[in-house]
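The letters A, B, C and D name the chains in turn, as written, and every chain counts its residues from 1.
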Amino acid sequence: MTNFSRRTVLAMTGAALATPSLLRAQSGGTVKIGAMLPLSGPASIEGHQVLKGVEFAIKQANAAGGVFGKPVELAIEDDEANSTRGVTAVRKLIESENVPFIVGTYPTAVVVAANKVSKEYGVPMLSGGSTGAAGTEANTPGDPWFFRCWPDSNGQGHDTAMAIVNTFGAKKVAIIHDSSNYGTTLAAQVTRIVSDAGGEIVSNDSFNVGEADFSTMLTRIRTLKPDAVYIGGWAGDGATIVRQAAGVGLRTQFVGSGSMVSDDFIKLAGPASEGFAVATLYEPSTPNEKGKAFGEAFEAEYGHSAGTLNALGYDSTSIGIEALRRAGESDGRKVQEVLNNGMADFPIAMGPAGTTADYNEIGSVDFKNFIAVIKDGKRTLSGA
Amino acid sequence: MSDPILSVEGVVKRFAGVTAVDGAGLSVGAGEIVGLIGPNGSGKSTMVNMVTGEMPADSGTFRFDGRDITALPAWRRARLGMARSFQMLRLFGSLSVEDNLLLARHISMKRSMWESVLGARPAREEEEAVRARARELLGWFDLAPFADRKVTALSIGQQRMVELARGVIADPRLFVLDEPAAGLSPPNVDRLIALIRRMRDEFGISILLVEHDMRVVRDLCDRVVVLDSGTKIAEGPPAAVTQDPVVVEAYIGRGWKRRAQA
Amino acid sequence: MDLFLQYLANGVVVGSSYVLVAVGLTLIFGILHVVNFAHGEFYMLGGYAGITASTAFGLPLPASLAVVAAVSCLLGLGAEALLHRGLKNQDQTSSIIASFGLAVALQNAVMVTMGPQPELMHTELAYKAIELGPVFLPAPRALIPPAMLIIVGALFAALRWTWTGRSLRAMAQHETVARLCGVKVRRVAVITFMLGATLAGVAGFMMSAVYMVHPLVGNMIVLKAFIVVIIGGMGSPLGAAAAGLLLGVIESMTSAYLTNGLRDVVGFLLVIAVLLFRPQGLFGRSLERS
Amino acid sequence: MTRAALITLAILAVGFVAAPFLLGGYELNVLMVALLYVILAVGLNLATGYCGQFSFAQGAFYGIGGYTAGILSRDVGTGFWMNLPAGIVVTGLFGLALGLPALRLKGHFLAIVTIAVQTLVYLGLVQWNSLTGGQNGLAVPPIGETTLFGVRLFEVTSLRDLYWVALVMAAVFVFIAWRLVHSRLGREWVAVREDETLAGAVGLNTTFAKLTAFVASAAFAGGAGVLNAHAMQGVTPDDFQIWISCMVVAMMVVGGRGTFMGPILGAIALTILPELTGELARYKMLIFGVLLVVCVTVAPEGALGRIRKARESRDQAASGRAPAKDPSEASA
């Protein structure tokens, strides 16, 4: 036993010590970039969608000849939507894979913890779906290390609220949101702005992610006769709510949050999705040329049209790759400089026509969200 | 005889409508070995479990060493000086023989638990003393070579001895033995009888003995209490009680009748 | 009042769906003393099997149902080997850990093969509705309570009047005695698992026309089912039926008259209270805790 | 076992002390996380492995420790060295509260209550916005400068410094666990696990034993939680879901519950191994699930328990069937 346990421990210690050298073995023929996303755990569904956009961007870049004449290779880490794991993952990507930038991640809390570390190393991060304001607010103005090429959830909340009040002329608004960071912050923002604009919030309900039945809540909301119902959360729950609302006879203007309008949503919500509106960062029918081209190429590749999460993964990654190309070498600090000052001319797929990766001093790109409405089972842009 | 160490009066215990013990009582004097016998299902085990506090009684009073212990749980009764063995052997299976004894001695250790956790010298010395005492006792029970052995590695007969040693090490006033001879070979039963007598004679432990083996009862007991259907049907010296026609009827008569019915 | 009835009806519908998942769990828990955390995955896989059969292969409803039952039986067979036979002579909590491992493995296997996006079964029924006085229910929802009644009724009858059913109940009482009375323990265990898995699978299939199915859907389902099993008293299908309806209605009323955010909290508080003050469950007879 | 355990501990100690001089930040980070899990698993082992009281709430206690640090930092302005004892005490009290149901419930009923408690704590962290900051969680300052009576002692700034703090804390907790299980209290825990009725019959206060086991177990998690909060400079509810509890249970089970070294090695192995999956990362969780099932079915006593069992049966064989022979029978 004594011998055995000694041997076991030695083997284990040995394995632990040998790890770095194994992992440091760099492949010479490629340029590595990093991505960190929640691929398991509570946010894995979103993580996988963002990943698709990331992979598509790399595919395109490699088809166009890669960077520095070498193909781009993705080093991917799963952060499990957990800050502790996220910090470890960032260190691994930077130390073991020597990546010059990291696309990631989806949960804002993990972004905040991980970006502290990546900044120490001098490696910038580009949002992998995190939209919470806290991500960019943690940046030092003028020297951001976390870049998000779309407005934060406050911007989305603002645009949504304005659409509810102005485009749809709603006076009485009911709010439903999930208890995630994303849903909660959006709902708070919409509530504030609708009230400021003279609207009345008739109810405010939260639900826990994974809840499947909303019928009672929706029945109660029906009695309040709202002009509009706002849903903050992810697409699956949004589709369920819209379908169940039709089931309980609640027929009014539904407005959702960013990632909700997608073909999946229409498929899942069925005819109940008719008239559903969102303030969104991306729409395949966008007037934005880059976005249109991306949408077509994406659909040709994967057989379904691109959603917001695909688009933002794509944009963050292609911005990163272009910044790397302009930096001239695989160096995180140089890439950060380019991102901070030298990308204002680079068009992106999201946002209105002519949107570029023109980051402001806290690393955010602010543009007006589209208002997308589902008409005849098709996604259309309102007023575009 | 002075005041009894244990006196039990008017105990009633019902299980889902069946009355297992119905107003029975018994007492054990200081230094006395009292047998508790009766046919199967007469309520002996229930009685024992109520005496030691494993099972609450529906009514009745229990006095131990002049003190009313009716409301006390088993562990408080043990701390007052009541030890027991179990009909179905019960030992801390994953621990060594010595540790099994040690645990039974925890109650009389003077040093606080925290001194033990901190590893303070007085606590360590006390534990060493108890270990020495455990080894001494194990020698007494012919178990010295097995002190460090895991208790389940011992034979059933040896495990019975560990149970006795566990009771003795606590320095109890009363030792309740629940069928200690069950499953022992005849030579071992002889040894058991000798050991129990020595426990009383050398350590002054009073004993309440539940037993089926009439030889053990005859050889050891000063007095015998006979239960049948939860009531006391006889009491007295073993020789007298075993001649009592009521007792004979309870054991043999009914047994014979039962056999005839089957 | 009309509104109250609608809330009640919603609660009954949701509660019935809990019952369907929980009856299988309560059998496995009550008869074999296996705490099966993979039960939510039986539900999830039933949903996926049904959707694949009916959508991808275009099978009619009865054939899809047969596919779901077959897949579930296979799952039950495998789960029994792992969680019951494989863990003989081990303490009670081993099944919790092993079934948790099984749940993680199944979830991620589905995540890898089917992808993370939610799926929904489309039926023509979705566009029909039933109105009973003031209560309005879409057809797929309205079908859940009667289906629950039929399934639980059939199960109850089978347990009562068939030899296998009696064997199952005997096992729940005392395994050794049942064995002595000629009950084939192994066979009963396999049947219990297959039955439990099939009930969960069918529930997942039916529910996939109402709620969505995704790889992680089992997490919440299994917790709700455990709440129902404990409130109802383990091993009691009728207790589970009553408790499931009760939980559904309580959740509905919490959502209607308190706040929706507390909906899930109520169930867990109820479980802790029941276990502390009435461990045999609200509807169970006293059970020996050994 | 004791000698082997000491040798193993010594080897581990040498490895962990040498690590900062040999390894880069990533590997050091992994080892620091491993140390946090060591504290969690060793703590859980006190209640579950030694005292036999199953708990799926270790992740909740981890969170309560972290949130105690977060709330104190925010509302009182205290630093790490004040938050650490506070977090341990607060979490210990929560452990006491969880111990109360354990006085009445056993086996899987207790396990399910702990699952309910874990879920409730998570929902509480999410929904009690004013106290916990809801989904956004709380920011926690770094450990930073440490002073004693105004004298600057040292400063924790880099990962390396943090690692040392974690290593010292883990060593202290492991030492405390060692003292606990080798004291009278630890022996009583084992007695309760082995046979609660018998423990009562020999006069042990089983209520006290169970409650102390739960308190100790939770207090360990609380300590780890405070350190994690300051190391991550923040706490969010998602970091303390039931998933973490299950992970800690897995570490303890895979290593060997009720053995001293098992949970330590289990925690280290299950933290390091997933980092080595490389190309298999996509199947990481799938592998983990299968591993858990296999481990419980094939070696339920865990790796170390398995080794110990093998040694015992070998010893028994070597001593020539001694237990079967009863010397008293021979002499009679």
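Brief remarks on what is shown
Here, a contact is a pair of C-beta atoms (placed from the backbone, for glycine too) under 8 Å apart; a residue touches a chain by one contact, two chains touch by 3 or more.
Not measured: the values here are computed from a predicted model.
Steps from subunit B to subunit C, minimised over paths through touching chains, total 2. Of all chains, B has its CA centroid at the greatest distance from the CA centroid of subunit C. Among the chains in view, D has its Cα centre nearest the centre of the complete protein Cα set.
Mean C-alpha position of subunit B lies 40 Å from that of subunit D.
Work out the mean CA point of subunit C and of subunit D, and you get 33 Å between them.
Centre-to-centre separation between subunit A and subunit D, using Cα means, comes to 35 Å. Chain centres here are Cα averages; for subunit A and subunit B they lie 71 Å apart. Residue positions 123, 127, 282, 285 of subunit D each touch two or more of the other chains. Along subunit A, residues 40, 42, 179, 206, 208 each make contact with two or more other chains. Counting only residues that touch two or more partner chains, subunit B has none. Shown here, the protein chains touch in an arrangement that is not a line, ring, star or fully connected set. The complete set of chain-chain contacts reads A-C, A-D, B-D, C-D.
Put simply, subunit B touches subunit D in their complex at residues 52-54, 73-76, 78-79, 83-84, 86, 90-95, 99, 102-104, 106-107, 109, 113, 116-119, 123, 127, 142, 145-146, 149-150, 153-155, 157-158, 161, 166, 170, 185, 187-188, 190-191.
Interface of subunit C with subunit A (complex): residues 3, 6-7, 10-11, 13-14, 17, 108, 111, 115-118, 120, 122, 126-127, 129, 136-138, 141, 207, 211-212, 214, 216-217, 219-220, 251-253, 255-256, 259-261, 263-264.
Across the interface of their complex, subunit D is touched by residues 1-2, 4-6, 8-10, 12-13, 15-17, 19-20, 22, 39-42, 76-78, 80-85, 87-88, 91-92, 94-96, 107-109, 112-113, 116, 121, 132, 134, 179-181, 184-185, 206, 208 of subunit A. Residues of subunit A that touch subunit C in their complex: 40, 42, 44-45, 48-49, 179, 205-208, 210-213, 215-217, 219-220, 223, 236, 239-240, 246-249, 264, 267-268, 270-271.
On subunit C, the positions that touch subunit D within their shared complex are 33, 35, 82, 86-87, 90-98, 100-109, 111-112, 223, 226-227, 230, 261, 264-265, 268-269, 271-272, 275-276, 279, 289.
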